[in-house]
Amino acid sequence: MPVRTVLSTNIEYISILDEHGEFDAKLGKDLISDEDVVKLYEHMTVCRRFDEIAFKLQRSGRMGTYPENRGQEAASLGAVYALRKDDWLVPCYRENPGLFWRGLPMEYILLHWMGDERGNQIPDGLYMTPQAIPIGTQMLHAVGLAWASKYRGEDRIACTFFGDGATSEGDCHEALNFAANLDLPVVFVCQNNGWAISVPAKIQCSAPTIAQRGLAYGMECVQCDGNDIFAMVKVVRDAAALARRSHRPTFIEAVTYRLGDHTTADDARRYRDSAEVEMWKKRDPLIRLRKYLVDRNRWDDEKERSLQADAKEQVAAAVKRAEEIAAPSTTDMFDSLYAQLPDQLRIQRATLRTACLGQDPSQLEGGIEASRQQGIEETVSEPGLP
Amino acid sequence: MPVRTVLSTNIEYISILDEHGEFDAKLGKDLISDEDVVKLYEHMTVCRRFDEIAFKLQRSGRMGTYPENRGQEAASLGAVYALRKDDWLVPCYRENPGLFWRGLPMEYILLHWMGDERGNQIPDGLYMTPQAIPIGTQMLHAVGLAWASKYRGEDRIACTFFGDGATSEGDCHEALNFAANLDLPVVFVCQNNGWAISVPAKIQCSAPTIAQRGLAYGMECVQCDGNDIFAMVKVVRDAAALARRSHRPTFIEAVTYRLGDHTTADDARRYRDSAEVEMWKKRDPLIRLRKYLVDRNRWDDEKERSLQADAKEQVAAAVKRAEEIAAPSTTDMFDSLYAQLPDQLRIQRATLRTACLGQDPSQLEGGIEASRQQGIEETVSEPGLP
Amino acid sequence: MANLTLVQAINLALIQEMEKDDRVIVLGEDVGINGGVFRVTEGLFKRFGPSRVVDTPLAESGIIGASIGLAMAGLRPVPEIQFEGFLAPAYDQLCTHAARMRARTRGALTVPMTVRVPVGGGIHAPELHSDSPAAFYVHQPGLKVVVPATPYDAKGLLISAIRDPDPILFFEPKRLYRAFREEVPEDEYTVPIGKARVVLPGDEITVISWGAPVVQCVTAIEQSDQSIELIDLRTIYPLDTETIVNSVRKTGRAVIVHEAPKTAGLGAEVASRIMEHCFLYLEAPIQRVTGFDTVMPYYKLELEYLPEAERIRKAIQEVAAY
Amino acid sequence: MANLTLVQAINLALIQEMEKDDRVIVLGEDVGINGGVFRVTEGLFKRFGPSRVVDTPLAESGIIGASIGLAMAGLRPVPEIQFEGFLAPAYDQLCTHAARMRARTRGALTVPMTVRVPVGGGIHAPELHSDSPAAFYVHQPGLKVVVPATPYDAKGLLISAIRDPDPILFFEPKRLYRAFREEVPEDEYTVPIGKARVVLPGDEITVISWGAPVVQCVTAIEQSDQSIELIDLRTIYPLDTETIVNSVRKTGRAVIVHEAPKTAGLGAEVASRIMEHCFLYLEAPIQRVTGFDTVMPYYKLELEYLPEAERIRKAIQEVAAY
């Protein structure tokens, strides 16, 4: 038979708690305890508040550009909930809920967007890389992190997050291809929120699903409702188990929606229909989760009120912490550049100038030796978060 | 139903004239006239001879590194045969048979590998880009060429060739993704010859087929026997028709094998089994094509002898032409850098030095003006192939 | 004449070239209905439609690689890269192909494209949105690199760039996008590529800069007592050595100002050329007032990093006093 | 002691560091069973197995991006990029991430990796196999750039690089891979990164170079009558300004030699530093003997392009006569 089929395959879509609050009891069985659902709902609510305040900080000039995570809380949170505490997280910038759940203090994210590198100085033991600004580049780091753990015989895996737009970058392909062909334990979570700034997802991928990107690599791949935290937990848990068991990666497309603007620098009304936004507001992950809890008598208006008050307080405290940190000093930009600062940089650091008098190689009384000593002394106490 | 299948798809493999000479009359019907089969066979034989001589030129120090095309003749030749004369060809470096068929004089390829850019100075009207050395980068150029023709409302398409290794590069993904999402008439032909230098194809793609790379983009994709010129003609003809008709790209995996070393700088015995090579020698595209012709009384030993003599002569003539071209002059490297040479470069060109006396801005008697005039005069007669 | 910002001047140049020449097409991320994140392509999509103003997939190598193909086919693509930090993924296509195509094909194939890229710091932007990578592309033969500092020059240089038969990187100092307005002729006109502009004449010291710091230089010069000649290079490859050399032969002293790190920055090239051509005229070492040799810091420290007027003024005083 | 070529010295350094430290792993295209296209990793695969010597997919951004992850996790990856021309696709990961990780995380994450890359012309190689892109990476803060010119230095510098806590580009002049042999200690030893080497002492002229042209400089100097100090920079970032400055303060004259194009090449930085630090000592303009500002030509013209001994000798004579 000259024409023969050499591959047949398909893509599945998984939803457990749908937008109407319908819960698939079979698939959802024992997935998340009711206590934990409460915690997750509370956490999502705090994150929602965080976005609101971050937005206001930007508008009032107390912070730079900020990308709201609003509407996408379930995706990263469900994923991180499903992972082990020591699995690597390699995020983009719409995973605050997952990062906060892992334990990142909220002020770190604020500091980052306040233009302060100390927001990236992730505390030890959190196993995460900082937010990635260049789109699509961070997935390769997840590949390397997972590779190192496989090399060491550890069963720690890596989970990386990225948007629909990011799947167009060459680095995304290289990351998926490395993971698939070198058998690396990586979980790839694409948050398809419908848009890459003003560009609709179909320009990034005109195929029926983004999930099928994974077919190219013979990789496990699945599409799920990204606003359904149960579905997220299920697919990521399965993917993590596969990765831990047999070092195989999985590609997950979490279908979600960016309810806010791309960032505070954007005005989404320029390019998208309010009808679309309205439709997605009904699919808000918080609404359905609250309904789920109310239906099970785990939640009521009183609890909601106290949660809202608590969220307000938590976020306000984080803002206070972020704003109280002393401004960085000019020399900070030198101090973390290399493990040991090269001579010329010691001089630049000590003099804070690049122009050169042209008279002495050191520009300093005492010559290079003096500046070197001074440099060494001044770099000893490296500034960081308290 | 919470788990639902959102995509089902498959990959087909097409073979018409198989390695035993079996011909699928139904699929192969009216694909290539017997006269043309003869011409194609003759052409492949000349190309085989070309490789042999090029190899010897390198070994005897008359040419630099050269990548043999041996064993892969059917893939590019079948593709180019199936295309229109004004469709763009965007090759890598294992498509000599296709390029020669289109009309590229053989000495161009020789000149290229002799370290002479004039080998890339493709004559007008051939619609091809020069051999691409950086792996995986050229497919994007095909995307742009195809885009331009769609923009102009022409029905010219672009066909690009690349290896299995090239499919690992990010640029390959970006090219496929652009073509699929912007609806561009590109035919992507991957020559999967089993190896990327010493690295086996499964390191580039551990999936069952490379063809399924196309599934990621919702693109037509197909695998075929790349040593079967009939299969090549069929899949490329179909792909070209689709591209012309509806601007949709196709991904074709042509399964073939590199019978020689990667290049003359390589020794394939270091990394691959002779048994594998022996097996593939039996699948040689020339053997089966000759058998096809002999079976149909279109070929005999006499014809073969005269063909061999003719091939020898043709290649010898090409070598002669390549070697008779006057050596390039040093100034050549300046003359094609910009449409108009900037002043400093005129000075470098006129003086052939970068060091500067430090006395006069021009380093020349008469200053910049003089050098400018001299530069202009000297660039008027641009050297090229006769 | 209209009183335009830099953004408006560039927008006008794009519109006029597109009106005039249907080989000109604009492509990139968010250049379509959104008009670009800086609104430089505002109104183009509506005016010229989706076939001439194209939102591409989010892939910079793809944008430049495809533009090379478009250009080889005879079009005049004007791709936009959203921020200078995201030009890096396209570095390979730019340096390996765009810059070399004419040379390697001995003129058989050419790449007349103009890559527009916002550049530089000073607007409190996030990481990788404030860098100054232009010198990287100056070191790659085969490219031209343009950096306008005024609305007038921006319009004239962009028109020249689009009409130029070779690949051009057109860096737009984002700090100046809306910093001031200037009278800009409505009609099309060109400013020649490769020619510097003497902004202020003077005969005691030469200050050389390009892009956003030109404004800082003016401030610094206003605060100085010397007679200072300010040169805005406008094009950084090819460099207008003649204008630089003529000035320094007159003044004998020079200060070079740029945002990029000092080491191996373009200031080094300018200083070396001055030294080569004006050796016997130099009365003081040339000063380079630049970004530090550090990664461009996040915005809380950006003004400490950038060559602001005060640092420039200091360098001028020292050169004067030498 | 063994009499080794540059290739063998590097191979030995790799073996010794891998023996000593199992965090060291080698990855790249054809580095495994094939031992690399230049045989630099010969024997490693057999000795250390497929988990420590890894043939990756053909994707340079992938190789460097994955190495960044490996390094952040605490390993010491030594990726190989097959030729300098194919470093360009990894430019983004190198400059955007590797160079910045320590700075942007204020030290929380670091990238101790050594990227090995053959570099330069002179071996009759195809297109993009003869370029000298090192200066690009010197302009990017956060990286270090090393270019050995002898087997002894190559071994000692590579060991230093692998042990260095920061990302290093280690360029190997392929023209010297098998050009000569030198006594190299069997034992491990280090050569400090950031320190130049005075190859020949002298007091009339200073010649500064690095990589393959150092050999051409020696030839040129042998043919010259002056007392010439030859400095091999060995590391091009950080630059050993002290050694350069001390020499030129003594000689008052300098010639800088490199393969890359002149404009915005590293010669400009070296010349500028000399001018800044030795202004009153300089007796002649500094000469730069470099590749032309053209695309590196295919090999028929490569010796016309490269700074061969004759061109260097001429520059020395002119500087001497000034």
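Think of it as A, B, C and D in the order they're written, each chain with its own count starting at 1.
FYI, contacts are C-beta pairs under 8 Å (C-beta built on N, C-alpha and C of every residue); 3 or more make two chains touch, one makes a residue touch a chain.
These numbers were taken from a predicted model, which means no experiment stands behind them.
Among the remaining chains, those touching chain C and also chain D are A, B.
In terms of the distance between Cα centroids, chain B is separated most widely from A. Centroids built from CA atoms put chain D at 37 Å from chain A. Distance between chain centres (mean CA atoms), chain A to chain C: 34 Å.
Annotation for chain A: residues touching 2 or more other chains are 117, 134, 168-171, 174, 177, 181-182, 203-204, 332-333, 337, 344-345, 356, 358. With touch defined as above, residues shared between interfaces to two or more other chains in chain C number as follows: 56-57, 59, 61-62, 85, 88-89, 92, 96, 103-104, 127-128, 141-142, 237, 239, 263, 275-276, 279, 284-285, 288, 292-295, 298.
Chain-to-chain contact here is organised exhaustively, every possible pair of chains being in touch. Chain B meets chain C in the complex at residues 88, 117-118, 120-124, 129-130, 134, 137, 139-149, 151, 158, 170-171, 174-175, 177-178, 181-182, 332-333, 336-339, 342-345, 356, 358-361, 368, 382-384.
Of all the residues in chain A, the ones that touch chain B in their complex are 2-16, 18, 24, 27, 168-174, 177, 180-182, 202-209, 211-219, 223. Of all residues in chain D, only 29-30, 32-35, 37, 55-59, 61-62, 85-86, 88-89, 124-129, 255, 262-263, 284-285, 287-295, 297-302, 304-305, 307, 311, 314-315, 318, 322 touch chain B in the complex they form.
Residues 25, 51, 54, 56-57, 59, 61-62, 64-75, 77, 92-93, 96-97, 102-110, 141-142, 144, 164-166, 194, 237-239, 241-242, 245, 275-277, 279-280 of chain D are the ones that touch chain A when the two sit in their complex.
Remark: chain D residues 61, 85, 88-89, 91-92, 95-96, 99-100, 103-104, 127-128, 135-136, 138-142, 237, 239, 260-261, 263-269, 271-272, 275-276, 279, 282, 284-286, 288, 292-295, 298 touch chain C in the complex.
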